[in-house]
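Scrolling down, you'll hit the structures one after another.
What follows is chain A paired twice: with chain B in the first complex and chain C in the second.
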Partner chain A sequence: MIDLKVEVRLFATFREGREKKYILELPEESNILTVLDMLKIKEEDASILLLNGRDGDAKRMLKDADVLAVFPPVGGG
Partner chain B sequence: MYGYCGTVLRVNLTDGSIKKEALDVEKAKKYIGSRGLGVKTFMDEVDPRVDALSKENKLIIAGGPLTGAPVPTGGRYMVMTKSPLTGTIAIANSGGKWGAELKFAGYDMIILEGKAEKPVYLNISDDTVEIKDAGEIWGKLVSETTANLKGKYGDKAKVLCIGPAGENLSLMSAIMNEVDRAAGRGGVGAVMGSKNLKAIVTQGTNKVGLFDAEKTKAVSGEKTNILMKDPVAGNGLPTYGSAVLVNIINENGIFPYKNFQKSYTDQADKISGESLTERYLVRKNPCYRCPIGCGRWIKLQDGTECGGPEYESLWSLGADCDIFDLDVVDTANMLCNEYGLDTISAGSTVAAAMELYQKGLIKDEEIKADGLSLNWGDSEAMLGWIKKMGLREGFGGKMTDGSYRLCDAYGAPELSMTVKKQEIAAYDPRGVQGQGITYAVSNRGGCHIKGYMISPEILGYPEKLDKFAVDGKAAYAKVFHDLTAVIDSLGLCVFTTFGLGLPDYVDMYNAVVGEEHDNESLLRAGDRIWTLEKLFNLKAGFTKADDTLPKRLLEDPIEEGPSAGEKNVHHLDVLLPEYYSVRGWDENGIPKDETLKALGLEEYIGYVVK
Partner chain C sequence: MARTDRYTRNMNTLSQEENRSLKSFKVCVIGCGGLGGYVIEMLGRIGIGSITAVDYDKFDETNLNRQILANTTTLGRNKAIVSCERMKKVNPEITLNPVEERFDNYNGNRIILGNDIVVDALDNSDTKRLLGRLCSEQKIPLVHGAIGGWYGQVTTIFPGDETMELLYKDSNNPGIEKQLGNPSFTPALVAAAQVAEVMKVLLKREGVLRNRILYVDLLNMEFDVVELKK
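Presenting the complex of A and B:
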């Protein structure tokens, strides 16, 4: 049973071999780590996680219509 | 002499005299070099109340002790003068290869005085220094000027020059080198133009002396390895350039859109680092001895190859003006380089003009003769206005002195996204509080890079801070400000902070110059430099009231996007007094006597009337 739909946006090197954007259908009780596992992204490589634009950590639970942005370490200025 | 060359070149353009003076080594070490030594030298010789475009203003161009030394990113130079844009001290930094070449020619610093009767350029080749007629290159674009001078002096010669914008005294004009590198901010190009100086050609055959060559090699190798292994310095920046920030800043909801009317756009990816790499990148375009190589070399759709935009330029010339055609933004960036315009101020001023037009303050009849619109997203207009700003032509003549003067002329200075009349950069401080304090207090006016709080607040370097939090940010920002003053003064790139920390800079300085510094003393030198710049500004007439942000950012909460929230204005009222306090300044931002003593600035007690 599908309980929630989440939009996942990937950036920089995470786009290599993956899509830029996924709409994932996830069971209830899914967290950010569930998404990272599905996309074969190691937690330690996901340097910046933004859940609806706010800083999130991998254990944060997801809810329907959440937007998750995942970045490798990036910088500039 | 190690690290330093030991010679200062003084060129008086009024009488044509050229003097080689011994470097005051004690002063150099106290103020490190480049930015610190340049500001100190400037203050020793010029009254901060000088008219910036008069012949009494001086233009100082200097490398640091590590500029030209065999250490990672050791190639940067800085320009110090009184800014005609802001009226503050100008401290503009550039990479490329020219700075190292100045040291190879044997000079730590050039002091340019007076004003030439007609356009000239300076040719420096080791001991040979000559003032030459620039009639042939005056009016030429930056690439044309560079090609002409390289044709005369050989391909090894490095060319620093102004474009038409500097000649036309645009207050947002830059000093360019290697065509696409810019000492961009503060209108330093106009100071050079006001002296009738078009270019400085430089080549040298010397090496920077090393106190301990073996140790320098070992230290340099160690620091280079740290940078190469760092995921940002060793992978993110080389792959995407600083443009990789477009998406992350936008996803955080602090990506200013349409002159900061909004802080998020669903179109950002069209002008992102990922798109730039995929569609335009030809190769990396690194500065001297840089293992990072964030610089871009790109190919436009018409086949033209040129330097590519960095993050701030993609924002100012793109999103801030509602332009998301990457070829147009790339072209706009190239044109800014050719005319010698600061990309941040140029784009942000077009954005301000577009908002003035949107609000009905600029009328159609005022721009009709130019044949260009001020509609949001008009690509053709963007490219046209850049040229007209560069040439001070038509309505571009009103825009070329920056958004503050433009908006003020229409009775709406609050629409200018500036601090001290200089355009702030590509981060909305309502959603990133520490960056806002840097904007407000930066000694050169609105500036993001002299204390880049985006690193901890967004990117997690050296640790992740809550971007909305206010507590502790003032003290954190002070350390960043002091450390940046150190890095600038050494002659290194601030991007080394993605990997290196204070002890690494101490290691490099000590290996090259000789055992002189520890962590505390080097950071204190940064504090001394920052405070000295502040003293300049106070003497020039700036007060606490100038350490502020545009009204929109202090009063109007972000309404849409990830950073929306009714509390999300910038909390400068809390941060500014804290900042003054951690600096040892009084409630008006004037350094206390005991602070001056602790920093070795006793000579400035009584310098500012309280």
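Presenting the complex of A and C:
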């Protein structure tokens, strides 16, 4: 049974070998780590995790219609 | 060409009054490499009155693929000095201040003090974070840019925004540029967006990327503006 649908947007190198955007159907009690695991993204590689525009840790729980954006660090100049 | 024609093509992107006002502004560019070379070029040509260019580093062969100021005659020379020499030839009406120092916790406040805005053209996250903190403490707006491979990001940070802390909270996480390097085209594009931000902040125009980050993806040719909420 699907309890929630979450939109996931990937940026920069996370798009390579993946889609730019996913609509994931997840069970209740899913958190951001659940999504990173599904997409085979290491938590330590994701420097910014914006959940509905707010940054924070990967243990945050997800709810229906959340939008998660995942970014790697970019530091060149 | 008569001196009075220098800024003719700035009209009507800028009003005459806005164009005249540019002479009174002081902009400090930290880093004169990939981003900084282009940033200084664009600031000088449009007519910013005073540009401080900061870099301790010298040009080497690995810079030739992308840094506009790196060429066979500048290899081995200091980047800040070269950038100012070039802009003196392009626009002798402006003041250029080269600073041959590594930006750090000791000289940082002295370097940025008195500027109307600072441009982050640094190439490492630790110094970017330091620059963010010092600009916030000195209450100077900061235009951030960063590049890696096909990708880049730009945002404008006002004192207290703490955007740099969000972008670079994990100092152990190297940027994607360590894997991807930096090609010729990404720095030029990100630098252009940074200079557009500088102009809007100085001229008090709308549309500034405050609490919003422009993400550039030249591989998929997509430009996303992501809102930051607190």
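Simple rule for what comes next: the second predicted complex is superposed on the first by the 74 of 77 C-alpha atoms of A that agree within 3 Å, B and C clash if a C-alpha of one lies under 4 Å from a C-alpha of the other, contacts with A are read in each partner's own complex, and residues count from 1 in each chain.
By definition in this document, a contact is a pair of C-beta atoms (placed from the backbone, for glycine too) under 8 Å apart; a residue touches a chain by one contact, two chains touch by 3 or more.
This structure is a prediction, so every number in the text was calculated from the model and none was measured.
A.B. asks: Could you tell me if A:18 is touching chain B, chain C, both of them or neither one (first, second, both, neither)?
C.D. replies: A:18: touches no partner chain.
A.B. asks: What is the contact status of A:71 with respect to chain B (first) and chain C (second): first, second, both, or neither?
C.D. replies: A:71 contacts both chain B and chain C.
A.B. asks: According to the stated criteria, A:60 is in contact with first (chain B), second (chain C), both, or neither; which is it?
C.D. replies: So A:60 meets neither chain B nor chain C here.
A.B. asks: Identify the partner contact of A:44: answer first if only chain B is touched, second if only chain C is, both if each is, neither if none is.
C.D. replies: Touch status of A:44: second partner only.
A.B. asks: Using the superposition described at the top, list the residues of chain A that contact chain B and also contact chain C.
C.D. replies: 9, 11-13, 15, 20, 47-48, 50, 52-55, 69, 71-77
A.B. asks: Over in the complex, which chain B residues touch chain A? Could you list them?
C.D. replies: These residues of chain B touch chain A: 230-233, 235-237, 239-245, 247-248, 251-253, 264, 269, 272-274, 294, 310-311, 448-449, 452, 454-455, 458-461, 464, 466-467, 494-495, 498, 561-563.
A.B. asks: Under the definition above, what is the set of chain A residues touching chain B in their complex?
C.D. replies: 9, 11-13, 15, 20, 47-48, 50, 52-55, 69, 71-77
A.B. asks: Help me check something: in the complex, which residues belonging to chain A touch chain C?
C.D. replies: The contact residues of chain A facing chain C are 9, 11-13, 15, 20, 44-45, 47-48, 50, 52-55, 69, 71-77.
A.B. asks: Quick one: in the complex, what on chain C touches chain A?
C.D. replies: Going by the criterion above, the answer is residues 31, 33-36, 120-125, 128, 145-153, 166-170, 173-177, 179-180, 182, 187, 215, 217, 219-220, 222, 224, 226-230.
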